[in-house]
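Next come two complexes built around chain A: one with chain B, the other with chain C.
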Partner chain A sequence: MIRTEEMILNVGPQHPSTHGVFRLVVKIDGEVITEAKPVIGYLHRGTEKLAEDLQYTQIIPYTDRMDYLSSMTNNYVICHAVETMMGIEVPERADFLRVIAMELNRVASHLVAWGTYILDLGATSPFIYAFRDREMIINMLNELSGARLTFNYMRVGGVKWDAPEGWIEKVRDFVPYMREQLQGYHNLVSGNEIFLDRVKGIGTYTREDAINYSLSGPNLRCTGVKWDLRKNEPYSIYNRFDFDVPVAESGDAFARYHLRLSEIEESLKILEQAVEQFPAEGQILAKVPKIIKAPKGEAYVRIESPRGEIGCYIASDGKKEPYRLKFRRPSFYNLQILPKLLKGENIANMIAILGAIDIVLGEVDG
Partner chain B sequence: MSGEKDLEQLKKEAVAKAKAAAAAKRQAKAAGTSAPKQAENPVEPVKAATPPAVEADSASDADDLAKKKAAAVAKAKAAAAAKRKAMGEAPAEETVAEPAPAADAGDDLAKKKAAAVAKAKAAAAAKRKAMGEAPAEETAAEPASATDADDDLAKKKAAAVAKAKAAAAAKRKAMGEAPAEETAAEPASATDADDDLAKKKAAAVAKAKAAAAAKAKAKAAGVGTDAASDGDDEKAKAIAAAKAKAKAAAAAKAKAAAGGKAGDTSIPETETKPSANQPFLDKYRKVIEENLGADVLEDSYINKLSKDVPTLVAKRGTYFKVAQFLKYNELLGFDYLSELHGSDFETHMEVYVHLYSYKNHQSVALKVKIDRDDPTIESLHPLWAGAEWPECEAYDLLGIKFTGHPDLRRIMLGEDWVGHPLRKDYEPYDVEV
Partner chain C sequence: MLGLAKGLKYTLKNLTREKVTYDYPNKPLPLPDRFRGIQKFYPEKCIVCNQCAQICPTDCINLTGKKHPDPAKKGKIIDTYDINFEICILCDLCTEVCPTEAIIMTNNFELAEYSRDMLFKNLEWLDENDENIRQVNKA
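Let's turn to the complex of A and B:
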């Protein structure tokens, strides 16, 4: 008779598979996890506290550092919140630039999610492919904003820089290229027997659980909830584009993996149309006062980031700094379900389950 | 052990000290706030420069709609007022510049989708005034009849005294030259008007409509000047000598237009359209009041700043009951907790919850005000599992205690952290941090 003993295993905060500084304290009985306790906060920088002493434009660079894989959507959410409060109409060209930048960033973010997830599971080469293609996007965004990750590109009322000469054409050329690569990704990994054995049927939860735990993004859609804020509560100019919201029914890690690749495809569709309809000229910044003051009151807006629903709450007392600023960070909410998913799982599945949630620690910790 | 105790003691002392300091600060602040706040207002450069604009601005400030308006609009207004003022002081230039304020008045009205007609009306009224006619009945007339008024005016003009005619003609001539310029100079305020329109519609539709509106406006302006130039052009030439008088009349007109503008803008702004979400708010309120009693809600309103989300403010004692009802009632069915956080408003703490119903596809915001000195409230974790971490965060950063929470702990900061940073009276325990 084999006797097992309960043991505490500490994972992180410096562990490559936690994608940042994330610590997981797991109690294991043999190879079975009996309890998992996430410990977060290692990257807490107090953005919300700092923001109370900053003007709205000054806050934008701080949002770059929340979800640093998808800074454009973070930029957008705070600009959108202030614009909603002030009733600013963004010029058409700026809206197009924003959408193109956000969708490029979404593709780049999903590429990282895909590459690192496969890396977590032990395959190193797909990661290289993913980063090669991501690099092209980063270069394009670099040309647009002057930064590779912390773009600080958007402003209340529009964007900071216009597209450089020939940039739109680059995006246009990128779309078919990426489509082809995407097919390659599927050929390389999605049908791989070993990979499928590792991800199918693990980390499964139901639609009710997903809603109850406030999950969003691919984590919600993998249970069959057809919900995408770009489609269901359209913001910016997303209602002009024809795209699908991919959903899966199985609610397991493989469904989430597959959804992210499908979403790249949808983002490419949006990019294709946006480049097509891109206005030849126009303003990139609306007429806004030099010092931006949101009117007295409060507002909460939410948009779709690659990781789910990112929200921004502003309580303003009419001054140039927000009285209270709060970000609803999707990774923070999505991670809550982890203890439930890990309980009773085999320890070997731990990283596969964590990776499928796709968290960014800068966002978890705020 | 004793070392630890000392540390504890030290911490306690530090906390007490920090609190005392904070209290002193707050007191100082309370004493100081009223004065600087008042001093702040007149500093607003635009307002101070233009007394008439100040009135219009403050009046619109009080308005819900006006609050929504971009500051850009205010700026445009102020600019217009400044122009008008400049006109009053320098009437020589004013005949050329005059159409601008009239157009501005029209722009404001355009938000209410009556730009073209209103402009014609304002012009007609001003003209009539310049001619010494009794304008009472005409100004009260429906906007639709404004074109008729123009016709009437033309007839009256024919019968009017030569001097008055000269004044009007000279003015109209100036107008006839200006519209092209004015439309070119106007896009700033025109886009502002578009802004407000667009908010209510999808971007694409709004833009098309705005373009159409702008066109219509331009057309209306054209019509007015056409009618004016019809019979009066030759006479205007003949009466070039009466220029001095015309100037005086035009000045009077500009003043009348300015007065008209202030009056006109304040009227349409008060009639706020009911929000599209108003029926939902009414429904929530009705269902809640029918089932939980009439006094569970402290307040309920449409938050116009926040995409018109229906907002319910629960009473401290009924917060959990209302939340539970929002989730489980079949008519409401808010099954998704999108966001939960606390805020310190100095007079009170507040918990803000944004809920969504995937069944009915509706949002609601639930708020509760709680005592700042003893911030305790029921946890929503039994209803939505997703409330667990956000409540920990609110506890960590604001010190709000959630009763019934399974594991309320500091989630961001270390367990030994002193104080709650997002509280407005927070003093760092360790100055080095």
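Let's turn to the complex of A and C:
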């Protein structure tokens, strides 16, 4: 008779597969997880509290550092919230630049999600391919904003820089290139039998679970809920573009993996149309006062980031700093379902399930 | 097995592709003009308006002014100007608000030092940091 003993295993915070400083305390019985407890907060910087002492323009560089893989959407959500409060109309050219930047960033973010997920499962080369193509996007955004990750590109009422000469053409040329690469990615990994055996049917949850845990983004759409804020509550100029919202039914890790690749395809569609319709000239910044003061009151806006629904709530008492600022950070909410998913799972599936949720710790900890 | 073969085909196709890596640090990294690197400071242009210190989100700029040595001229000139690169996030807001473009970004980004104190850069150091200066500063 083999006697097993319960053991507590500590994973992280310094573990490459946790994608940052995330700690997971798992109770295991043999190879089966009986309880999992996520420990977060190692990267907490108190962005929301810091923002209470900062002017609205000064908060933008702080939002870069929340979800550092898609800073553009973070930049947008804070600017969008202040613009909503002040009733500022953003010039058309600025809107196009914002959408192009956000969609490029979404592709880059999903490429990291794709590459690192496969890396977690033990395959090294797809990660390098993903980073090769991501580098092209990062270089383009570097030319546009002057930084590779922490863009600080958007301002209340528009954007900081106009597109440099030849930049729009570069984006135009990138779209067909990326489409071809995407097919290559599917050839490389999506049909690989070893990979499919590894990820199909693990980390499954139902539509009700997903909604009850307030999951969003690919984590919600993998259960068949067709919910994308770009379509359901169009902001900026997203209603001008023709694109689909990919959904899957199975709700497992493979569905999430596949959705992210499909979303890259949809983003490329948007990029193609945005580049085509890009206005030849126009303002990039609306007329805004030098010191931005949001009027007394409150506002909540939400947009679709690569990881889900990112929201920004501002309560203002009419001063140049917000009275209270709150970000709904999608990674934080998406992570909450992890203990439920891990319970009763084999320990070997732990990283495969965590990776499929695709968290960014800067965002989880805020 | 077909999936594995397809993947292998993609890998083999990439074997002959050109390299995409750079030979950094043996060769300098190509960076766009807008890149936000360590600031260059022009003491003679500064009018001590304090806007850069006020807009800085991390409070890393410290400056003091003194009276103009020429009594006929009004206003102040810069006396000390320090940036603490331990906490500077190179966000570009200081150069954005500067009315005389006395502080601008460069393409230099190598900041590693042996001690934390060395990351306090003073006026002289920032003045001498005059390579790869950004050409276009305002949109």
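Basically, the second predicted complex is superposed on the first by the 366 of 366 C-alpha atoms of A that agree within 3 Å, B and C clash if a C-alpha of one lies under 4 Å from a C-alpha of the other, contacts with A are read in each partner's own complex, and residues count from 1 in each chain.
Assume contacts are C-beta pairs under 8 Å (C-beta built on N, C-alpha and C of every residue); 3 or more make two chains touch, one makes a residue touch a chain.
Predicted model, so just to flag it, every value in this text is computed and none were measured.
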{"item": "Contacts of A:G41 with chain B and chain C, given as first, second, both or neither", "value": "first"}
{"item": "Touched partner set for A:F174, first chain B, second chain C, both or neither", "value": "neither"}
{"item": "Partner chain(s) touched by A:P295 [first = chain B, second = chain C, both, neither]", "value": "first"}
{"item": "Contacts of A:S125 with chain B and chain C, given as first, second, both or neither", "value": "second"}
{"item": "Which superposed partner A:W114 touches (first chain B, second chain C, both, neither)", "value": "neither"}
{"item": "Partner chain(s) touched by A:T84 [first = chain B, second = chain C, both, neither]", "value": "first"}
{"item": "Shared chain A surface residues [contacts with chain B and with chain C]", "value": "none"}
{"item": "Residue ranges of chain C touching chain A (in the complex, touch as defined)", "value": "1-4, 6-7, 9-11, 14, 20, 31-32, 34-36, 55-57, 89-93, 96, 105, 139"}
{"item": "Chain B to chain A touching residues, read off their complex", "value": "67-72, 75, 188, 191-192, 194-196, 198-199, 202-204, 206-207, 303, 305-307, 309, 335-339, 341, 343-345, 352, 354, 358, 361, 365, 384-390, 393, 397, 410-414, 421-422"}
{"item": "Residues on chain A engaged by chain C in the complex (per definition of touch)", "value": "54-55, 57-59, 61-62, 125, 129, 132, 135, 139, 142-147, 150, 152, 160-162, 164, 184, 187-194, 196, 284-285"}
{"item": "Touch list for chain A against partner chain B, complex", "value": "40-41, 44, 46, 48-49, 84-89, 92, 95, 209, 211-215, 225, 227, 232, 234, 236-237, 239-240, 286-289, 292-293, 295-302, 309, 311, 313, 315, 323-324, 326, 328, 332-333, 335-337, 365-366"}
